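In order of appearance the chains are A, B and C, and numbering begins at 1 in each one.
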């Protein structure tokens, strides 16, 4: 479906509705960000461009606390009593089992009631209802709308609709974007960043292949200059660079950190390679990045696979192939974009391997032999998604401060907690 | 599907089951009402004919209290602790997103667990199970069955089944009718009445275009004799009078109030105009009513649009058109049955506009330009549905008294509450 | 789908995954049982062969306590506070309304949050995800996976996967088998046994046609030697013996009790009669059993219908007929395998009639005229399923001891409880 700005003559109210917000949708992000906040905190989570480094660090801290509290019954009881009076609507007209369940679990961690609309054919839209009327219905019954839609700008438009209702004294609720079109998937970017944040703490053996060994890594293993945190890291991406909205969102967030280098490994093919608009955005931000077509290509004089501090693998999204792709893709040797135990053995000892999942058993970008390698972080990454989404909901509903205070009282002061 | 009474030779157990209750189904409502009660309160909510004016006033009072309590965390905690031990089954074999979600939210307001069966093709009915066996299964696991079915008398029959089980010492649960065939939709009627009750309190600016201004309206605006409450009001209905079960149910409830006049505005077409049985029922009850084909027709010497105290708009239910309708409907000028800002500007200043929703963006019976008019009450009306359904469930489970008592203690006595 | 052991060359990772556990799947049950336990209690409930008589008695005791506590608000509050911090995943890729709802209700009795995946076509499997990756995703977000699958050994394989994850220090959760292929349905067997346990207590008029009358039954009615409990009973099965996995599971559990006799009544037809492997298993266990083709066949010199201590009726599963069956089944007089009031009147006064439900209104194996007979236990049986599943979940999560202790304190000691 085309966005409002490319439409000639809107014929339905749905088209007029999107057009209504067209001028707001066309603004640069920095003009939009304040409108998506309230009292200095994020109210509508629409795109990853809203997130700053301090926010990412704060949210990771909340997620860490939630995770730790969830280990005891007392902590779980505290959490499920935070939002039992709130009702969530998961409005997923674009199918997604994983993101859907992750949000469900995140809501339940905080005690929220969950409701869902997943099949648009059973909804009132078949009776001529506009999308905006549907969203207003949801906002009448529920306290947050978590939405995933094939329409690129719908989540953002709904956030503006809510703000307009708010201005006119009507009821409005927060909107959380759980994936909109090919464009944005901000909470996936949050969980990817959170997984890297945990890994580069070198603190917990489940999160990092080399926990508690930062000194040893530097002194004995020759990783001089290795530091905690995301700054100064070289992060690789492999596979479907062109269509991977998770690649795009994560890369833009990594660009926020100091001295990060990005390496994109994938076939030099118009559908799979980096899009021009993304290249421009990276140049705009002065990010150093490299496009290569093999893990054996050289970076700083050595094969890139040996130089990465982290590797983000992706699935080739063949369900989005167009007719022209079929022939040209058939000539590519995709085996170069599949990990092997041999490749993994040459990676840095501490370098986590991520994947947004699902992985494709037929393509084999990560064969299961690698699952037991301590660098394999992709299952852990899925669970991180639940914690960071719970943290985001806690932020949106302004109960993150209760979590911090409870943590300080019950865990830090009383138990002299050390993880 | 034909009702039991019109069937010649029942062939399946399902048909015999409906036939079993046929003589009870044929009785006049006043003979049925006592059977649907227990200890003087409604146990099974099956048709709007069960509701009396005192009951409607009482229920609106409970809904008002729930609404107010929901504004604070303390009040919400009180509410979600009322029925956390109860499990609801929403058995919706006729699709309805709006009613479904409204009931889900209402259950959650009171802390109930929700369960659903929506697609009959996945149920045990494909294995030869009768509907009554399905209902008994639900009553084995759950504490209330909220049902919506295309079969006209099914909800009522299930209520009798439950009563018979009760008599024989077996487990039985309350049945709530969430829409049965073309016949009844009693909780929609409840929310429509509740919206009018709120509007004609002239108390809250969100519920009434003219809050706190009853004296002013009478003295300065020339609305002499305007009173609080539903009595003495002229209520208009526009659109699909013939097929609108919400029109029928609401009209019959309005007939309970003193000196109410009803005006039906719609095309003079056999499918869309008032059915003869409804005309007879209104005559039986001595209700004054008028059938007109335009808002410009005269009532008391002025165009009717200017004389209405409230206007109930409806959607033309074209999905129920039969083959014969297609040609004859094509000749009608439907634009006369769509509101315009110009028409609204001529309405009484305090007259609320209702719509059972969804509205049809292609038909345009209420264009969005009207949404910001203070008379537009249809979004508010949707949220009223959640409150009044929660009130009904509280009544059925006999916790409404706990709500009244808590309200008296915490809100009236302690805070000297004034809305 | 064929099991791993019969596959020649596995082509997909899914096939390799099942093959991975093939040698473990092939072991005799007594070698598997310890692996499905942890700290002496069942962790994964996969097949009925895991259950011993002491376990069955213990579980029935927990179910009895849960049932009793559920009668009061104080007891319900105790129960829903046992597991509110646990999130269940109901992964039902084989449709089943009844088992699904029964598990949902059981979870809710204990306060658990429920989540579901029922339609595999909307899941990540369409993107090439393996089943094992899906299960690991569920185990990332949820605390127990209750699964029903058309693939015979999948639940067992998933239990081994979880154990392997546990061994390697990764997160793992309990697996509960809610029906796997034509093979096992262990919780159905639990509820069937529980219903018989309740009936043969002769304690509660709702569970037993002859409550509190064991002495009278023995002395005046001539049922000499009748005892409490399942030992020394003659249990009849009627209908689809060959394809009824509930028949198979229940028969094997009954074989655990002393001096039980089993009578199978059904057509002598290759699809419907007992399979050879079951015959061998019964012989192995020294169970006395009889195969008859009519209720009028003689046992101990009288028609078998008059000799049964309990009768388990089943539905002919015609949806599983193969092409060859159509002709041969057409010649069978199935009316002999349908109960009638006359047959019931000749049964022992105390003999409960069970049915796993749904029953088939078109086949008529139990006509509704029998529903009011005190021997009809099949609706009660459905509700028993909820209680025994709640008891199993309480056992798996190790809160059964809290239930026993609460019961002792609040019900036995304080109230001198007598049912």
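As a working rule, a contact is a pair of C-beta atoms (placed from the backbone, for glycine too) under 8 Å apart; a residue touches a chain by one contact, two chains touch by 3 or more.
Everything numeric in this text was worked out from a predicted model, so none of it was measured.
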item: If a chain touches subunit B and subunit C alike, it appears here; value: A
item: Interface residue overlap between copies subunit A and subunit C, same or different (over half shared); value: different
item: Distance between the centres, which are taken as Cα means, of subunit C and subunit A, whole angstrom; value: 43
item: For subunit B, residues contacting two or more additional chains; value: none
item: In the complex, subunit B residues that touch subunit A; value: 73, 76-77, 79-80, 95, 97-98, 101-102, 104-105, 108, 118, 206, 315, 319, 357-364, 368, 372, 379, 382-383, 386
item: Subunit A residues touching subunit B - in the complex, by the definition given at the top; value: 12-14, 17, 84-85, 87, 89, 113, 115, 117, 122-124, 126-130, 133, 136-138, 140-142, 168-171
